[in-house]
Structure formats: structure tokens, C-alpha cells
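Letters are used for the chains, namely A, B, C, D and E, taken in the order the chains are written, and counting of residues starts over at 1 for each.
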Amino acid sequence: MSDPILALDNVSKVFGRADKPVYAARSVSFALHRGRTLALVGESGSGKTTAARLIMREYTPDEGRLMFRGAPLGKADARALRDYRSSVQMVFQDPFASLNPTHTIRYHLERPLKLHQKGLNSAQRQTAIVDLLERVKLDPKLIMPKFPHELSGGQRQRISIARALAVNPQVIVADEPTSMLDVSVRQGILNLLNDMKAELKLALLYITHDIATARYVADDIMVMYAGQIVEWGAVDKVLDDPRHPYTRLLLSAVPDPDRRFDDVRFADELGRIEEIRKQAALPQPSITEVGENHFFRPIPA
Amino acid sequence: QETSGNVLTLVSEQTTTFVRNFNPFGQTSARYTTLDFMYEPLVVFNRLKGNEPNYRLAESYELADDLMSITFVLREGLKWSDGEDLNADDVVFTYDYIAKNPALDFISVSALLDSVEKVDDRTVTFHLKEANSLIANTIVGMPIVPEHVWADVADPVTFANENPVGSGPMTEITRFTPQVYEQCRNPHYWDAENLKVDCLRMPQLADNPQVLSALADGSLDWATSFIPDIDNTFVAKDPEHHKYWFTPSSLVSLQLSMITPDENNRKAFTDVNFRRALSMLIDRQTIVDIAGYGYPLVNDDPAALGELYASFANPEAKAQFGQYASFDLEAGMAALDEAGYVDADGDGFRDNPDGTPIVIDFMVPNGWTDWIDAVQIAMETLTEAGLNISMSTPEAAVWTSSLIAGEYSMTLNALASAADPYFPYIRSFNPNDFGKSRFTAPHWENAELSELLAQYTQTKDAAEAKTIMDQAQLIVAENLPIIPIYNSPSFYQYNTSRFTGWADAENPKYSPVVSNANPARLLQLLDLDPVAAE
Amino acid sequence: MKLLSQLLHNKKALVGLIILTIIVLVAIFAPLLTEYSPTRRVGRPHQAPSWDHWLGTTRLGHDVFSRLVHGARVSLAVGFGAGLMITVIGTVLGVIAGYKGGVVDEVINFFTNMVLVVPNLPLLLVLAAFIGQASPLVIAIILGLTSWAWGVRVTRSETLSIRQRDFVKSAEMLGEPAWRIMLFEIFPNLISIVGINFIGSVIFAVITEATLEFLGLGDPNTVSWGIMLYNAQNAAALSVGAWWDILAPCFALAFLGLGLALLNFAIDEIANPRLRTGGMLNRWTRMVRIGEGKL
Amino acid sequence: MTTPVLSVRNLNIDYVGAETDFHAVKDVSFDIAPGEFFGLAGESGCGKSTIAFAVSRLHRPPALIRTGSEILVEGRNVLELSDDELRKFRWREVAMVFQSAMNSLNPVLTIEAQFYDVLRAHGPIGRAEARARATELLKLVDIAPERLDSYPHQCSGGMRQRIVIAICLALNPKLLIMDEPTTALDVVVQREILQRIDVLRKKLGFAVLFITHDLGLMVQVCDRIGIMLEGELVEVNEAQTIYRQPQHPYTRKLWASMPKLRGEQTRVEASS
Amino acid sequence: MAFLLRRLAFYLAAFLVAATINFFLPRLMPGDPIQIMFASAGSELSLENLNALKLTFGFIDAPLHEQYFAYLKSVFTGDLGRSIKFFPLPVTELLGRALIWTLGLMGIATVISFTLGSLLGVFAAWRRGRLVDSVISLGAIFSSSVPAVVVSLIMLFVFGYTLRWFPNGYAANPLIDPAWNWQYISSVIYHGTLPLLTLVFVLTGGFAVTMRNNMINLLGEDYIVMARAKGLSDNNVMLWYAARNALLPTVSSLAIAIGTILGGSLVTEVVFNYPGLGNTLYQAIIARDYPVIQGQLLIMTAAMLVSNFVVDLSYVLLDPRLKKA
């Protein structure tokens, strides 16, 4: 595998007051590679969004560092931050909320171009916008003058992606980009992300709680639980042979039309996960390598 | 509880709440029935009868021939309302007291006195710093207080004197709430025989409209209040008993600062021709009719005295200069043209003869609505005559200090009525008062006039005094340093259904106004007779 | 533009706009509407309404109608001037506090709450009294400087919620500078709040100016509805039965207030679609009545 | 054959607009048998909630249930009940779990008060008795009775969801409507809740009308499923049948666009 | 509790700032504050007398900060000086007298208009789009758009001067001694009716609009629908579920409204000559009685702070979510 473009190195983030800390991220380490998609799955509140925000440098890590192109990122001054932003972009969960209802689509795409590709004149910008819209398979003429509320959810999500692409990034972080979309629309967006990744050699971090879509788009997967990454590896390996109890629970909870409810001894699994929950605050267990490109943290005895 | 006897209901002050304060030295804080009714003056001078003295606590007074001292003799058997004797000691005490506590001396009489000396139990002599033929008028303005009470008062300025010991007819406070108080008969009053009223009741009324409604429904016997359209709003409610009589009082005049900071204005203001023209441009009658509801009396006396001092008037003044004190738009404009005040620069406004512009700010205190109305009406004709005038309404305090300093262009100013024309003249034109009092606002001085006024207080001879005063009037009338407009009325409303004996236009025996600036109200009180119950 | 077209579709807004337009037109064309000067005596004192003087005359003999139409200028100017100032200050501070957060927010918020708990009208009274002869301009300025707090509060809380929205986040992620985010991302979404704040402030300013002048703290040289009330009250118009003198400015003020309030109410409805009660409810009632269906 | 618990016949619902109406539910008919777990699936905005609301007649203007529609609960036409009958009918016959549990409990009342409310509204009952009943109901959903004195904000999302279910069971209704009860929840919690409902249903014998757009979930829990498209019910069948032999093209497309956890991964070009 | 403590700290700070403004206001204005303060009282007094009077009012020639601390000390010991106009009445006593009337008038008016307005708002929202709603909404808009001056003048004109149903001034007949007897109390009620009606008219609309909007926003909430689904009676849902929750934001708007109420009552008191705080302030301003004006501002601020605190308290009581926070 190539060198990672972006990596988290033992990053921790703690919220709340000293007497009642919430560990949103606990010694989280992972790396993103160009042309590969990494999926991050986990229960609600496990720290997925926190990880994304750490990458977007909205939060500063309490511990650990962020490595970009092999070098650690220090305190960000305004210029360095802008530089970083033209390489790392984010697509949000809610396409209804991530576009400003008072601006046209054209404005939404023009701004990143103005900010990050200063050399362009207005005609070049125009072509760039058309290009972007075509890339996300929208009709530029029709779409450009519209306001967000005149578009469907899927179209809006495409605009969000186009906007992220506008700065010519190397990394895209997508935080549950399809959870607000209808099932039938979802697929299109996922395909689009996949295509972009391949075409532009993007490094993609795909955050979701829907393991099935994770499988659909990702090359690698990480399972997060209580701020920790508890199991990771190649998608197929992890899903075929889940080792960590939480991964298993997660997999069994995923709705699966092939199995009736009563097939699974769900309650037992649930009981075991309750136990891990109690132990969640214990010191870091060591990492076990299960096989090639498949790791997990066993629960301490 | 109902008060027994004859109760006279009156309104002398308008307030939102009554505070129990009967300190006679506190002009602004004491209840308005404190002076005269509670603390009787030595003498009451009747201004309507050429200052004829009505002896009250004093049975006589005598001015020394050199005019350097005056001796008052008290009546026999005077008592304070607590039964203690009232004698010369109390008088001497009072004057020593205000000398020691200058804050109490609300009429600034101490400054005129050298010493006060007890001659015997009933006789007191005041030694003056300068000869002064009019000193008696001033001295009687100070209330005499009982030594046995006030000697022990720690801070007489803040002392509220809640249970007063007085010498007047009404000293006993039988009821006191923030909304009403009652002041009843002094058990030891020397003149009890003449006093038919047993109690005064003072309801709290906050403003003119409230006084009007109380008057209109007949619950007030005696009031002093501005009432709009009085014949309709008050008299018509009960024409038989609702009556009023307005007597002329303080002089309202238009004044110009001879030392105004604006050099161009100053040129015009110091020119008597300009002042005369200005005076002719003031439509006094309209001002009186509209701003004043017709209540004030037009003052077209070039010597600025008018009806109020009719008995002192020098007909010569009016004959020679009368035309300058009455309204004549055409003549006024012609006078301006003639004196060279024409529009030199073509901006539509008259300029100085040398072409410099005249821009006049007409200053009147904020909130003094009748004056503001008067100014607006005056400005109509002045503007029509081509003068560049605008009105400003600063805070009263700012207005006062501008007037004192002479830093204004034009204003209205009022001067309280007095017993003798000497007072308005000396107050307005005494160079020693420049920068000290707003009455000297014009900052106009005339050596000849000053000399005459000085002589006036030095003579005991009535004929000589008259000659002096005649001459003074001529000087004022010729120079027109202040432009008289009207004398404001003293408001006086009364109701005859419960009491009779009121002074009125048919029987102008004295000024019956119940305000605390009129000591003659004591005479009115003593003249009242209850209407026999039917 | 959208707001405007929505306003035109809202009945309340339409009535409000019409009222306002009438008053604005009257103010603009005041000199053409009457032959009388508002500051000259043109009749006897307190003449009742007649053909010559439609609304009678004042105590001084001024024509009430003339004063009324000329007075509209001052009321409108002070209302809109002070309203604009209040809104601008309130919006700027509110957006900055809401977006910047932290110490800036704490400071602005503290002062806002501070100003909110100091009783406004009494403070204005005292200020006007200290200043003396408060011309309409002075009144507008002190109104503007003392009444912005409410605007800050609503703008701030709205900004706080908009700041959480993803489109602001994405602008941040794109590296937009803070001022651009406040001006171009957040502010356009506040338009209706700002509109409500503006109209509300105009109402407040009109009412307060009239009140201050009525209480005698205005400049008697001005021709305004507040001064008309003041003069009428001073001339005891009520007790001498000159009702026209006092009722004319009363109704003018009420009319202007009503127009503005209708407009504000309508903006509220447009900003918050839940509040809208369009024709559909009437239609619904009719359909239920004729039995096309039920709930 | 037994009478169905719920029988919807030719249901037409409009949202009345200022000029034109929005026809949200078009001529929908289906039955739910006693004890049956019936699923209603379809895209956002296709009219699922509109149907659910109509069953308890919870609509407010401008919704309009067209004349000619019939909603029979155990044979009784709900649309013909008087106000008073309607009040008695609600919750006793049909109880409902709403889209998000976070918001369906009154934030200013204690849990106990919200139990007491419903018990009081449907018959005279004392405080103590109501409390006893509430305790019993909470036990059914595994919640400690102390929770009765808490306010909703003091309970976690999953807990609140279970409390709502307990309240639903207070009057032993024949039918429980669940309108996307778990969209806001984690898969694990969602799974737990549904499983509990399933157990309770078998124990207490009520029927369930389950509304969601998650087809996988639906097939897993439901006996029968109805698929809706733009206000129309396009297909109703046994869950497994719909899954394995979808008839309607829309249904087929839905299945195709669903990523699978196991087996072949197909790529479908779905339009947006 | 922490919430309330924080609010209390804020109120203390707010009071301090108000006191500071109060101290500096006359000193910042053009002209000599002493000259201004004694202008109306002193215009007839000689300079010597004025100086003597000034001393008794504590205008010492000390550095500003010393004056400031002396002032703060006296404020916090409840000494607001003495009135010039009603000399030597302490300002506290003067205001104390007025406070009773204002509290009574404003308190009752606020309670009535808040209750009435909220109820009207609730009904309008519940019957949204129907006739009741239109009538209430329009009425509310109208009532909240008419200035208090206008309402009180019209009330006075109609009921005081034309119909003569009610007196046109005072809090009670001055000839009746204050006492707890029917004669006095009925007189108080009789005199209070018009000002009260005016205030209620002016205030009700605002409360109704706020309540209506809050209610409408709430009616879509799941817990309201659930309450209806539970078979609760309409009144129960409307009042116990919807109104109670809609009350929360209304109560917080009440805190802000108190300033407006104070303003409204000020004008009303002036027009009806009601002897409350507002009228006292007005009279003091006319007479330039500065100790009273300053004390007045402080008292009004304090009143605002206290009522805000009461609103905070009731907020905590009404909203269980705040109890622990």
C-alpha cells in the first residue's frame, strides 16, 4: 500500500467537565490512502463524528497528532489552515441543511473556486462549475440558477459533493452522507462516491452506522465503540469473521431480510455487550492480529 | 372623622403628595399655608391701596429720619399657639437666627441689616447698613418664630416642624395624610374675634385640570389656579356662586441682551431705534387673547410699569413714548426701514445698516407652554416684518444661567410684582446685580437712572420721591431697555355658597389671591363669614 | 424579493402596506394636501371641525389637519430612522455574539441583558430631561442607542441555531473568512427576523417618540403627533371639550401603529410557515360543511 | 375467518390547499388480522403517516378524509364515531408510538403523571391504583418503577421509547400503530425494542401496524407487508413472498437498490 | 440552583451598573450638575443660600472616586437622599408611597392581561384559522399597536370626561382616610378602574400574540398528538399539555415585557394622575428633582431585577428540565 496521505496517530479527545469526562475519542489511530475508502462504523455516540471533526480540525486533539502527507500538523495559522482545507473536504449528513437556502447553486460552487483556485478568471470558473456539475451527473444549465429548496434530496447531496470536489481535494470525509436520503436515491450517491474515488484518486473516509452500505463502498472498515476502534481490517475479512463482541452484535442487529428475528440469539449478545460497556473505562488492551489486514482489541479478561 | 365648625376648603399649592413640613423658612418645601396663616407677619402691606399698612403682630412701626433704622412695636398680649408669650425676644432671636443660618434667609434680608436690637419687651429696632426708605416692606416678609422652640432645633434647614407653634390664626394640624390635611384655629390667637373660619382643609390636587374639576363640582371654596376658558368651564357650572377675579401681577417682557456674544446682534440690540421698532412689532393683544386666554393685562406702558403701579405712573412717559409700546406692524416696519435695517444681502431677512446679518434666537424655557405660545405668536409678526428669528427651548436651568450671564439674544422674562416701582427698576437695572440675577438679563445700565434710584430710597419726602420716580420712568420709557408685553394675572377663584366676604372687582379691598406669595390672603381669611346654614 | 411577493399575497400584510403607503404618501405630499401652514395661526382658537378646517383648530388657532399631515413626516422619519438604527446595532451585535461565541459573546450578552433589565422608558425620560429640548433627531438617536437589546437577543439566539447548521460548517470547512460567513451565510437567513425586529423597532420608536413629546420632553418647534398631543393636553383640550385637538393625533398614531403591527404579524407568518392561516383553512371548513369529508 | 382488527377500505385523504388539494392517500385498502405484525413501507412522503393518523382520527385541518372512506376497527367504523365515542375509542382500541420517542412524552410532566392521564381518561381510577398499574406496565418493558417519578429528559432515548410502549399497553389495545418508531435510534437499540414488541405481541395478542422505510427490517419482523408509492398501496403480501418474488416494478427496484450485508454485491444505477 | 445563583450574580452586577450610570448621568451632562439640580428650587434663591443648601445635600468637593464610593455606600444602605421638591422627605419614603400604587396597578394589570392574553392566545391557536382565531388575532394586533398614551387619553375622554362614569384622577377619594374599610377600598377600585383597563388593553394583545405563536408551534409536536391519541379530552390537551408548555417561552417574554409594562404604566399614571412611581418620576422630572429621579431609576431597575428574578424562579418551577441544571 502507498504511504498514507492523512493519519491519526493515537488521538484522544475528551469532553465535559473534569469530574465527569466523556471520552469521545480514545487513542484513535488510522490512516487514509489515496484511492481507497475507509469506512468507520459504530453505534450512535461512539465518536465517529468526533473523529471526522478532528480531521477537519474543528477540534484540536487533547492527545496525539494528526499527520498530513507524513508530517505532523502543528498549531494551525490561517494560511496553513486554508492550505489544508484545499486538500481535505467534508460532505455532511443532511443535504437539506448543508446548503444555504439563500444562495443559488452557482454561488455554492463558485465560492470554493474563488477561495481555493485564485488563478481562475470568471470564464474559467464558469467552465469549472459546469465541469463539476457534469461530474456529479447534473444538468449544469438547469441546476445552476436554482435555489437548494428547488432540488430533491439526492440532487442536493450531489451538489454537496460537487462543492467538496471544487477545491480539488485529496481527502474527502463523508459523515453519514446518505442517512437522510431515500433508499432508492442512496445507491446513486454511493456509486458517485465510488466513481470519484477511483477517478480522482481520492482518499475517502466514509462514516456510517449502516454496515451494509459500508460494505458496498469501502475497501477497509473500522468498528468504533465507546471512543475506541475495536476492530479493523479489510471489509470482507472483518464482516466474514467478526472477532470483537461488539462487531458481532452490530452485525446481528443489522436488519437482514434473509433471517427472521427469532433466528438470532440477540438477547444473549446484548447481555455480553452490556458487560463490555461496564469495562469500557479500563486501560487499553493490546491489539491482536487475526489475519492479514484484520485486527481487533480483545476485551480484557 | 368630620371636622366640626366652619371648614374652608382651599387649594394654594398643587402637588402629588403632601409632606408634613411646616418650616416657614423652607420656601420650596414647606406647605403653602405655613406663612401668613401659621406665622403671622408683623405688618401686611396692601398693594392694591398704595401699600397701606395693615398692622398685624406689630401695632406700629417708625422709620428713623436718617432712614438708617426702623423700629417696630408689637401688640400687647401676643401669645404663641402653645400659650407662651410672644415678645421682642422672639423677633430678635429670629433675625439672629437667620444671620447665623444663611440658608434660612429666603428673602436675603440679613444683608441689609446691621443689627437688630431689643428696646423693650414690645419694641425692636433694626439698624440698617444703608439708608432705605422701603425697608419695612422687606422686613415683614420674614416670619417670626418662637425662640423657645427653635433655639433647640439642631438643623433648622432640614427641620420639618411637623407640629408647629405659630402666631397666626391657623396653627393646629388636626389631620395630615398625603392626600389631605387640615389646619385649625389657634387657641391663643390675638385677633380671634375677627376669625370666623374654624379650619382650613387642603385637599391634594396635582394639576390645573384637577383643581378645575374640584372647583367645578363646588367642593373648593378658594383656589388659585389657571383655568382654561373659565367662564364656560367653571362659572357656568353655578353662576350664582362660582366667581373669579384676576388681578394683574408679574410683568412679562421681551428682553434683549445688550452684551450678547453675537457681535452683529449686539449692534442692533444696543440701538434704541431697533428696540422701539421691535416693540411696535409685538401684537400684545393677540398674545394676551390666545396664549393667555385673555386673562393677562396688556402692558403698553413704555416705562414698563403698567396697571399694577398705576398710582405711581408719570403720564408724560406715555405721552412721549407711548407709540413705541403698542402694536403697529406698519409703523414698526417703517421704523426698521428708516433706521437702516433692510435686507442688504437679499436673503429675505433684514440686516444691520452696515450689512451684517441679524440672526435672533428667541429663548424660552422648556415646558413653559404659555410662554412658548406667546413667543410663537410674537414671532409671527416679527417674521412677517422680515426678521430672522427662531425659537429654542432649553432647560430652565440653562435658560436661567444664560440670562444671568447675558449670553442670549432674545427672551421673555418675568418680574414679580412688588409694592413699589422702585423694586422692578432696581432689580432689572442695578449694575451691581449683573451676573447675579436673571432679572438683570438685559445688562442695560444707565448712570442717571442708577443715581435716581439711589436717591429714591434715601428720601422720606413723598413729593420728592414722586419727582424722582417720574424722572426714572421717563428715562426707562425713552430707552426701552425692556419691552413690556403683559402683566400676568394672579388667579383667584372662589365659591360663595359657604362663605361670603370675598374681595372682588367691585370691592377691591386687597389682593385675595391665596398663593403663598400674597400676605394679603390673611386679610381675606379674616374677612370671611360663613353662610348661615339653612 | 421572495419576501416581497409573499407579503403581497398575505392579506394582513396587504392591509398593513396600504395603511403605511397612505401615511407615507400623506407625509410626502403634505404641503399639497392643505393650504394651511402647520405653524401659522389660521383660525380662532379651538374651532370645531368645519368645511374650512376639516379637523378644527388648535388652542393657538393652528389648523389641526395641516399639523396632522405635516406631523406624519416626523413620526415616520423618527420611526424609520430610529428603527433602522436599532435594527442595525441589534443585528450586528447579535450576529457577532451568536457566531463568535466565547468572550465576545459573554461580553455582548452581558451588556444586552444589562440593557434589558434597565427600564427603557424611564431611562429615556431621564436622558431626554438631561439633554433638554430633545429634537426629533435627538430622540431618534437616544432611542437607537438605548433600545437595541431585544434585537440582539433574538438575532443572537437565531444565529446560534443557524451556526449549528451544516451549511455554516461547510462554509467554514471551505475556509470562508468569519466576516463573510456572518454577512453572506448567516445574515441572509436572518432576513425575516431582522424584518420583524425592524418593524417592531419602528413601532416602538414611533410610540416612544410620541410619548416623550407628550410628556413635554420634546422640542415645541417641531410639528409632530407627539407635540400635538402635548399641546392639546396643555390646552386642557379634554376639559374644554376640544376633542378634535386630542383625538386627531391619537387616531393617527393608532392608525400608523396598526399598519405596522399588521405588517409585522404578516412577516412573522411568512417567516414561520406554521403560523400561516391561508385560504386553505376557509376552503377546508367549506368542504367539511358540504360533506366532502371529515377529519 | 375472524374479523380483522383493522380494515381500511377505499381510504382517500387530501390535504386541502388554498387553491388545489394534495391527494396524499389514494384509495388505499388493506386488512390486519388479530395478532398480526403488518408492515407498511415506502419512501418518505408517500402517505404512511397520513394513514396512521387517520386510524385514530388524529388529523387536524387542513387534512380531509374523503367521504366514502371506511376505517373499520373490529367492524366498527371509526369515521362515524361521535366526539365522545372517539375519545373513548382512542388508546383503548388503538394505541400509537410516534416517529420519535424523544418528543412524544410531555417534557413537563412526570412519567407517572403521563400514565395517570391515560388511565384517568378511560375510567375512574385512584392515584395509588394507577401507580400500581404503571409499575406493572414498566416491568413489562424492563424499567425500574423508580422511573415513575422522573421527567422524560432524565431518561435515555431507548428508555423513553420503552416507556412509550408501556403507556401504549396500558389499556390492552387491540392494535398498536408504530410510525417509524426507531429511525432516530441506533441499530442495536432498534433491534432490542422491536424484539421486545414481538415478544409482547405474542404474549398479549395485539396486532401491530409497523411503519418504516427500512425494508430489510420490515421483512425481518413482519408477517405481511404493504408497499406504498405516492399515496397508493402498490403491493400487499406475505413478507417472504414480497422479498423473494416481488411483483410490482417499484418493489423490485427497492430491493435492488438495497446494499446487502452478505452475498453478491450488485451495482445498480438508481436515478436520483 | 446554579442557574439561579448565576442569575443572582448577574442581577447584582446589573444593579451596580445601573447605580453607576445613575451616578455619572448628571455629571456627564453639559453644565454644572449642582446648578442643574437646584435650578428650579434655587432660581429664587440667592447664591449664598444656594451654597448653604448644597452643603446640606452632600455635594462635597471630593475627588470623583470618593464621591462615587460614598454614593454607592449610601445606595446600598438604602439612603437615596432627600427630595428637593418635597423637602425634607427622604426619597425612599416618597417612592415607597408611590411604589404601593404602582405595584398594585401594574401587578393586577399584568396578572389580568397575562392570564387573559394567554387564554385568548391558547383558544386562537387551538381553533386556528376559524373565526375565533381571526377575531382574537386582529384584536390582539390592534391592541398591541396602539400606544398607551393614546389609549389612556381616549379612555379618559370617553369614560372620564364624556360619560363621567369614572373619575379622572387619583388613586382614591382624598377625603376618605386610608383604612381597611369598604368605603376606602371601593374608592380605590373605582379610581383604579380606568388606568387598569388601559393597561390591560395595551398589554393583553402582546401576550395573546406570543401565546398563540408558541401554541401553534407546539401543536405539531409529537407529545401533543400523542396526548390526543391517548383519548384525553380536548380541554385537557389544550390546557394541560399544549398551554403549559407554550407558557414557558411566554413566561420568558414576560420578563422582557416588564420593561414595557413599566413604561406603559408610567404614561398611564401620568394621564390619569395616578400617584404611582411613574407619575412621581414625571413630576420629579418636571421639577428637576434629581435625588428623586435618581432614586426612581434605581428603584425601577431594582423592580425590574426582582420581577426578572421571579420570572426566572417560576421558569425553574414550570420547567423540570431546569431544576437540575
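Here, contacts are C-beta pairs under 8 Å (C-beta built on N, C-alpha and C of every residue); 3 or more make two chains touch, one makes a residue touch a chain.
Given the structure is predicted, the values throughout are model-derived calculations rather than measurements.
Trainee: Starting at subunit B, how many touch steps does it take at minimum to reach subunit D?
Mentor: 2
Trainee: Return the chains common to the contact lists of subunit A and subunit E.
Mentor: C, D
Trainee: B-E versus C-D: which interface comes out with more C-beta contact pairs?
Mentor: B-E
Trainee: When the centre of a chain is set as the mean of its C-alpha atoms, what distance in Å lies between subunit D and subunit E?
Mentor: About 51 Å separates the centre of subunit D from that of subunit E.
Trainee: How many angstrom lie between the CA centroids of subunit B and subunit C, rounded to a whole number?
Mentor: Between these chains, centre-to-centre, one finds 47 Å.
Trainee: How many angstrom lie between the centres of subunit C and subunit E, each centre taken as the mean Cα position?
Mentor: 22
Trainee: Mark out which residues of subunit D touch at least two other chains, giving numbers and ranges.
Mentor: Within subunit D, residues 60-61 contact more than one other chain.
Trainee: Send over the residues of subunit C in touch with two or more other chains.
Mentor: Residues 129, 216-217, 238-239, 281, 284-285 of subunit C touch two or more partner chains.
Trainee: Using the touch rule from the top of the page, what residues of subunit E touch 2 or more other chains?
Mentor: Within subunit E, residues 36, 128-129, 286, 288 contact more than one other chain.
Trainee: Let me make sure I understand the interfaces: which chain pairs count as touching?
Mentor: In this structure, the chains touch in these pairs: A-C, A-D, B-C, B-E, C-D, C-E, D-E.
Trainee: Which residues of subunit C touch subunit D once you look at their complex with the stated criterion?
Mentor: Within the complex, subunit C touches subunit D at residues 278-281, 283-285, 287-288, 291-295.
Trainee: Any idea which subunit D residues touch subunit E in the complex?
Mentor: 53, 56, 58, 60-61, 87-92, 95-96, 98-100, 103-108, 110, 117-118, 121-122, 151, 153-154, 164, 167
Trainee: Provide the residue numbers of subunit C that touch subunit A in the complex, in ascending order.
Mentor: 165-176, 184-185, 188-189, 191
Trainee: Using the touch definition up top, name the residues of subunit A that touch subunit D in the complex.
Mentor: 43-44, 137, 152, 154-155, 158, 182-191, 209-213, 215-216, 239, 249-262, 266-267, 270, 273
Trainee: Which stretch or stretches of subunit B touch subunit E in the complex?
Mentor: Checking each residue of subunit B against subunit E gives 1, 15-17, 19, 21, 26-29, 101-103, 105-106, 108, 155, 157-160, 177-180, 203-204, 206-207, 209-210, 213, 367, 395-398, 400-401, 436, 438.
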